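Labels A, B, C and D are assigned to the chains in the order they are written; within every chain, residues are numbered from 1.
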């Protein structure tokens, strides 16, 4: 069993236009930038991206958004100006999801849980469907979010959320072996685990490809059974769009 | 913040008779035997134990069962002869649950998910309620399992399962610090993580109590926020009820 | 009447006032903005555990330039540090902590808050909305504190009878730290627990679009 | 007609026959009993990853006495070993792997199985029932193989038109390795893909309580 690949373009060529992809990362921390870049170079289009952020600047998912390669974005923080222009021009659909619900829906997909109830968002516009999902080119709302089923548990209204299964996942790991076992570093684990679980086929760019056994059994953050393809990451991000500021 | 306790009987004296307790371990691997023993010494009764096994021999949950301290057992593998005698004599209630559903219901309780759908068990006696939950002293069934709601997702019937919130949890860890951060070793993690999540108040017996920082951030298997009390384990199990056999 | 006109607490003073009330041993999540100024203002010796949505429990303050680690940021995507005893986890466990009721306090910014504890803070006309973890936090944390200017830049009240903006959550706010004082939603009115230095009851009444009951008994 | 009478494959032979069919690179869960004899019978050079419900992926064979580690057991609570590249996890992730469809094969024991693929294997009158992970496995694994004696100790067929015992799962079995041969549920009948050495069609027909279609075309 050897899941190590060497040619990123060849590896990702199996992703068809129109595919759905779960993408790890929070902002740019742990974001699989090399894999996103490769999708751009392969000129993939009409993608449904499931990720926390639509990208703050034209990097990672931000680049895919900027280049107009998205037909739909599902996530909690699509605060990317370019993305919003496209959204209000009717060129992309938005499914806005609370962040915890997003993570749980991605995990559920990989865990064989088709749906779950959560109190998060109950009664809000994101649950009642009173929020736009798509505009036309004149800026009129032509589609709203789906209203969610509500059921009361322990006196508390909860909404039914469904699993977010994706055709593929793009993940960045700190260490990976040929079996696909993954270990992450500090705050870069974030959405990479739920994304890897959500994807039917999961691609991993790894900062370090290590020998089998180098990741101790107890240190594996995600077992290789969730991973299909691993490739050496050639870079990562170096700049931070938000320089360390006085506001902290 | 110091969650380290030194007197196991004093620590567990806050558990009232009738309490519900999630208990970690799979068979005796990772089972919090010292904590179970202390509940026996404190003469706690009418307990609702939520655990995978009812104990193979009179150790851990097996001792609690053997001594007749259970009013109810929720689990997947209650194959303890003594427990079954008590069950058929009408002295204890049984909620038989598929193992994966059990783990997920415990995790759900700690994750604020009141209920979820799963295909596991759909259409079986455990879902339709065609299985005894309680007998009378003459061996007649006086209560059946609750029938579960069914809903079809992607063409597949799924049952609604609810969170298994418990008043307390008993957990065995390999390493713990005063903040309650836990690390487990190999196959002993098993139900200890879901149990710690299910308990409103979680007690941990740790094989090793270590300095804060000794467990690297990426090596923490369960953050201290899920743990309220930690005590040094004085032992553990030494014998194996199933000696290594020719059947493997 | 905005904070720039310096009636009541400054941003610093507001962060300090909220920090004073964070109890020892608490598990706390901080929203973007003024709440993120709390850690560096905690009274000496107080051990508070800061949780961040992106998967860290035990967040510390701002790193020195030579301490910057690309893998350690807060939920506002600013560089941060980790304290000894910190732990890291994925987003689904991070929100299990939030949703499961394991956080003592979420300190959030706010656009509008009502006497019944309704909060609006995730979107407004002309803003690019990002809901992030706000709805999870107001649902899951044991206490929800809101830290805000008492009025918006146009001088309009943010403490008001009914939210006109889309709700983040209903009946979720337990405490309000505004530039003018400390308040609690009390159902039909706000209880004012404390006035900021130099602020009088009449000023608060004039800048609040709901009944306010003062600790001294005044209304 | 039980396995003790040595018609068809012995327990060893049965485990060997199933082991021969486990493909290279497969992720496989093994039930208690004969399935657990498979790992040591895998053909040389075949890399198969064994998953165990209690939270290990990469289970190995029986340890030498001086290798026994109390923290490493299989789902049958027997001591086991781990191979290089193994990983450990908690029970909720373990069953995310099972339920989420990430296992290629679950190899289970069986009491009754039908041509439509229904399986009963978790309880019977007089047995102390323990459902364990069986219902999760038959729901989640891509293929469900059942390994069993062709008949019970009383000589009654285990391959039968309808299960009389409570179901573990409906329409879940994809392959049957019995002491008499290899079969697949085909809806209204069993397809017999292979007969065990020395077993003829007539014997199988006589000991099966459902129609059997043989690979050679015989019925």
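Just so we're on the same page, a contact is a pair of C-beta atoms (placed from the backbone, for glycine too) under 8 Å apart; a residue touches a chain by one contact, two chains touch by 3 or more.
Just so you know, these numbers come straight off a predicted model, no measurement behind them.
J.: Moving only from a chain to one it touches, give the least number of moves from chain A to chain C.
T.: 1
J.: Tally the contacting C-beta pairs at the A-D interface and at the B-D interface, and name the larger one.
T.: When B-D is set beside A-D, the one with more contacts is B-D.
J.: Which chain's mean C-alpha position is the greatest distance from chain A's?
T.: D
J.: Can you check how far apart chain B and chain C are, centre to centre, with Cα atoms defining each centre and the answer in Å?
T.: 37
J.: Cα centroid separation between chain B and chain D, in whole Å?
T.: 28
J.: What is the distance in Å between the mean C-alpha positions of chain A and chain B?
T.: Here chain A and chain B have centroids separated by 34 Å.
J.: Got the chain D residues that touch at least 2 other chains?
T.: 56, 82, 88-89, 92, 95, 98-99, 139-140
J.: Quick check on chain B: which residues sit in contact with 2+ other chains?
T.: Touching at least two other chains: 104, 107, 111-113, 118-120, 184-186, 189, 217-218, 221.
J.: Taking the top-of-page definition of touch, could you list the pairs of chains it picks out?
T.: Pairs of chains that touch one another: A-B, A-C, A-D, B-C, B-D.
J.: Per the contact definition, I'd like the list of chain A residues that touch chain C in the complex.
T.: 26-30, 52, 56, 76-81, 84, 96-104, 106-107, 118-126, 130-131, 184-194, 221, 236-237, 240-242, 244-245, 247-248
J.: Can you check the complex and tell me which residues of chain C touch chain A?
T.: Contacts found on chain C: 33, 36-37, 39-40, 52-56, 61-63, 65, 68-74, 76-80, 82, 88-92, 94-95, 98-99, 128-136, 139-140, 166-170.
J.: For a test of understanding, state which residues of chain A touch chain B in their complex under the given definition.
T.: Of all residues in chain A, those touching chain B are 104, 108, 111-120, 151, 153-154, 156, 158, 162, 183-186, 189, 217-219, 221.
J.: Give the list of chain A residues in touch with chain D in this complex.
T.: Against chain D, the touching part of chain A is residues 1, 107, 109-113, 177, 179, 181, 197, 212-213, 215, 217-218, 220, 223-226.
J.: Within their complex, state which residues of chain C touch chain B.
T.: 24-25, 27, 47, 49, 51, 56-58, 82, 84-89, 92-93, 95-103, 139-140
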